[in-house]
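Every chain is named by a letter (A, B, C and D) in the order it is written, and numbering of its residues begins at 1.
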Amino acid sequence: MATIRTAILGATGYAAKELIRLLLGHPHAEITVLTTRSTDVPWAGDVHPVFRGRLDLRLENLDAASIAARADCVFSCLPHAASAEAVVELLAAGLRVIDLSADYRLNDPAVYKKWYEHDHPDPTRLAETVYGLPELYRQAIPRAQLVANPGCYPTSAILPLAPLLRERAVLPAGIIIDSKSGVSGAGRTPKAHLHFPECNEAVSAYGVGSHRHTPEIDQVLSDFADVQTEVIFTPHLIPMDRGILTTAYATLSQDVDAAGLLAVLRRQYAHEPFVRVVDGLPSTKDVVGTNCCDMTVRVVRGRAVVVSAIDNLVKGAAGAAVQNFNLMYDLDETTALR
Amino acid sequence: MATIRTAILGATGYAAKELIRLLLGHPHAEITVLTTRSTDVPWAGDVHPVFRGRLDLRLENLDAASIAARADCVFSCLPHAASAEAVVELLAAGLRVIDLSADYRLNDPAVYKKWYEHDHPDPTRLAETVYGLPELYRQAIPRAQLVANPGCYPTSAILPLAPLLRERAVLPAGIIIDSKSGVSGAGRTPKAHLHFPECNEAVSAYGVGSHRHTPEIDQVLSDFADVQTEVIFTPHLIPMDRGILTTAYATLSQDVDAAGLLAVLRRQYAHEPFVRVVDGLPSTKDVVGTNCCDMTVRVVRGRAVVVSAIDNLVKGAAGAAVQNFNLMYDLDETTALR
Amino acid sequence: MATIRTAILGATGYAAKELIRLLLGHPHAEITVLTTRSTDVPWAGDVHPVFRGRLDLRLENLDAASIAARADCVFSCLPHAASAEAVVELLAAGLRVIDLSADYRLNDPAVYKKWYEHDHPDPTRLAETVYGLPELYRQAIPRAQLVANPGCYPTSAILPLAPLLRERAVLPAGIIIDSKSGVSGAGRTPKAHLHFPECNEAVSAYGVGSHRHTPEIDQVLSDFADVQTEVIFTPHLIPMDRGILTTAYATLSQDVDAAGLLAVLRRQYAHEPFVRVVDGLPSTKDVVGTNCCDMTVRVVRGRAVVVSAIDNLVKGAAGAAVQNFNLMYDLDETTALR
Amino acid sequence: MATIRTAILGATGYAAKELIRLLLGHPHAEITVLTTRSTDVPWAGDVHPVFRGRLDLRLENLDAASIAARADCVFSCLPHAASAEAVVELLAAGLRVIDLSADYRLNDPAVYKKWYEHDHPDPTRLAETVYGLPELYRQAIPRAQLVANPGCYPTSAILPLAPLLRERAVLPAGIIIDSKSGVSGAGRTPKAHLHFPECNEAVSAYGVGSHRHTPEIDQVLSDFADVQTEVIFTPHLIPMDRGILTTAYATLSQDVDAAGLLAVLRRQYAHEPFVRVVDGLPSTKDVVGTNCCDMTVRVVRGRAVVVSAIDNLVKGAAGAAVQNFNLMYDLDETTALR
């Protein structure tokens, strides 16, 4: 089959780096454009030395028309707001887009404004954009021109909780999601609290009650619960490069034991290539570098305690993007992901 | 004043190592005995090379009579069950004891048996033994012959939650405690899951619903809530040497905001040398190597979200033991701890 | 083309794990047998949870005849001595073998005995076995029935030093090789000094003057220098999972500057897919997960200071093995390695 | 005895933080002034949260006259050049100064200019300033008004090598010093290569042939060798907070074995409280948090292989400064350091 030409916007960060790694191994994709918003336009091998000798491409500034001439599909790793601005142009130029930013994940511009503190640049497209979590919204992805790639924390929390809510095994009220993430999730820009001797050998919570992944989790869980959820989400920074472990607590809605809850998850994900419902407690060690989400559930004193693990840069970002890409181009969903 | 002669039982582990460090800096304490249960009785400097040249003492096997002749106060770092067996003899020999094991923390032998899965070796002493958390039970410590040193996780969870329960600011039902601990908390015995390449760059939960610190937390929180609590406690292993960060979730019992909750904590701990109620989110980085517990509280969607940080080996073990020791011998409570 | 059936002996360790990862992504290889010397014969997914759902194979004890019926090529990840014993049988059964142990790397049984402290189990085969470092001995690999896969430290040291010695740019006498390795290089068996809280946040040297990779380095460098070298090799343990950085010091034999030395390396490796001669100082970060060796050289006060970086489990073990496999079966050398 | 009032210049960095920690535990020192060059003058507890509640002092901008009114002794943690400018004023104001910068370590302004690339601001004082390594230059320290505190790498390299050179056990020519340092040695300013996900799980060399500690090492070693040395010094960055391990290689000058070399070191350091000559191989783990330098030496193929370990922030900076302070004020040299 024909090779699909791909562009990556905002190619200097960690999600873009992972995306390059995956696309270099993809038999039907070719990377033809890498962009940066900086006036400095280095070679790919200088930005990401790991690709030296493998990707002879110079970064460039974004020009939608020029990209449209050289690419079929665009992965946007731009920050929110900047991404939507680019996406509007790219879609108009006829390109298909997988947006790794948060811009098209929420359906409601008002919710976006509340959490992101500015008006959405392209509000009318929100309600119609597919949320690119294939395990839950696969059908809508193949025909989409634009796919909103899910956030890393939401992926880790939604995958185990959504089936339990849909089956009414747990109550939608009072769900607590306590997540632990490696530092790559905080981006590549040097900051005081991410300076090695500051965040090494340390754990801390951040964004308590204010993290922008909260409404994204609520939106999807509400979709499965059929009532509005109001999750309490607390992310933590862990001294490691990659991986998210999410421990979530939900009140049981019926007299069900762990085996019953595991059965719900196993029914839901029996045929999913990237979800593994396990008996033991998942570790991020077993998913790092893969597109898998490992999960289990226990019952403790009347609560479901759900534990899930993903690689924040793969299933939580670039891997999910390639999974969406595969679906959009009618390829085996696991291509380049195993 | 006279020097107090101290013995450390089970001197090969990490809590004992930290205790040696603190006692070597204590102006009124002398280490005269170190024991091990192994037939191998090395020099202190071979077990803990950091003390080479500072502690010219050979480990020995436990002999209560011999210890009674050479020490005034004993710190037991033995595992549970083994500790109680030794404590019985040592108390009979007239020694004062600070027990860092779990053996005398619970009041009820039946609860002990349920969680530790064997009969308590010395059940009659349980109800009368003081729980050595000075910030909450200081009055009983000075006159005690035996002090049960608190567990590391319980210390991190109880200190912020107990005042909120006593003031009826939060409900005793449905408290969730999600803790993250450095690996030294798992002890010094090499195990597959603690092998460096296994637990480095990884996070996992363990002991979900079954960790033995659960009844200890419940016992103390119930004491302050005046009703039985049933906390859901989930510990996690974090790739770092030391530190515990606890994030706890409790339902608000009244219309109170974060400022109100912080006021409760500040009133409780205004004069405590080792508790710091902070406005920002605590990090284990700021307490490692100290006997401090940093804590704060936020309100998120009707829940109190409490975050606390301690060094599991200091405030969570050896530091608390020295704090108890200071109180037992009428010394300034902060001696050797600042 | 036909699929090549592969067996992995000693499949529970880290090199085997990496080999499984690479072979699962190899379009022309299939894993048909995994062995262990333990009487416990678990499923692959229980030994290496990362492969759960991808490798439905149970480990078994080694039986050469049985393997010969089900495999074409065997990768041995057994320890030295055990490996040679197995190899003798497997070769007799007609299998081709890539031996990741040290057993067939040295040419001289006397040298083997001196460093490994036991007689070689199969001494006559030593002199004729090819040393599987394709960049230096590629020609002999395709026709070999048995390939000795190089050691991790030797690979990192030999690749930059051999060309400099062959070109007589540096003197063979007094070469110093100071290497820093991640902890996976020490194997998967839990040991006191590899217990997380012992080796985390610590650096130490080990095997000073006695590491068994010394004669292997000497043998190859002597081959290129045409005189016997006697390198001083010091390995160090670094608190990270993977990666080796080698800094080597050699006396210049002529009036040459860094540019001249770099030119030697670039001439040697111009067409090598897995060697990158770089201007900056290599970091293990840029090679981890790849089969690349990054290298550079500087001149400091009359010495060549060579710095190289590899992933000890890829180019230092499993990646090199797959590279040899590709050559042995006339496949593109980079198959499954990019 | 009277309390000595101390000021710390450049109090926001890691060496200053460690100095504060040590001085807070010093029975005869009081911290009265902390300065910063920033216009932002925060409270000590905001810059270093670990000291919250223990140090109620606001940072201020440097004013020599004002400091002279409130302090007796000044520790300068300013960068080079800035430090000398301040020192000139402080000495003129009658203060005693311990300079942790590199400004007064070298004797020769021409050497300073060559390596630091600017004229020395106070060249005439260089030759007369004592190099504050008490183990080698103790006699000159008590009467000094200004002490140049040694660099971290030089301390680790000089302590084991100087006695071997003085005793003519090794040759002064061709000494190679390969050092591995934790990241705190690189300072507290966030930089791209010190961003957690960049330097975690990575080792790299830096400053090959150009590190400014080179002339400092040469100066002291030459002093003991009685001829000019030209060491080759290569520092490496290790993913850990603290600690330096130095492995140095020197040619034997006579027929001496490891026991003979160890005897030289043991004679030299028999009465030193902070040097431990050990039989095994030192690990940074055993010195972190202490003012000790652990060292050993082996003979490998005609070379002395020296291995030493220090905590870069203690014996390599703040601890040595307090040791000098103790000597300058006629206190027990180990005060606050044990």
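Basically, a residue touches a chain if its C-beta (ideal position, glycine included) is under 8 Å from a C-beta of that chain, and two chains touch if they have at least 3 such contacts.
It should be emphasised that the depicted structure is a prediction, and the values quoted were computed from it without experimental measurement.
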| item | value |
| --- | --- |
| B-C compared against C-D, more contacting pairs | C-D |
| Label of the chain whose CA centroid is most distant from the centroid of subunit C | B |
| Chain centre separation (subunit C, subunit D; CA means) in Å | 39 |
| Chain centre separation (subunit A, subunit C; CA means) in Å | 36 |
| Separation of mean Cα positions, subunit C and subunit B [Å, integer] | 46 |
| Contacts with two or more other chains, residues of subunit B listed in rising order | 182, 198-201, 239-241, 283, 285 |
| Interface residues, subunit D side, partner subunit B - complex | 24-25, 49-50, 52-54, 201, 273, 276, 278, 280, 283, 285-287, 289-290, 292, 294, 338 |
| Subunit D partner contacts - residues on subunit A that touch it in the complex | 14, 182-184, 188-192, 194-201, 239-241 |
| Footprint of subunit D on subunit C - complex, ascending | 174, 176, 178, 180, 182, 198-206, 208-209, 230, 232, 234, 236, 238-243, 245, 247, 249, 251, 281-285, 288, 298-301, 303, 305, 307, 309 |
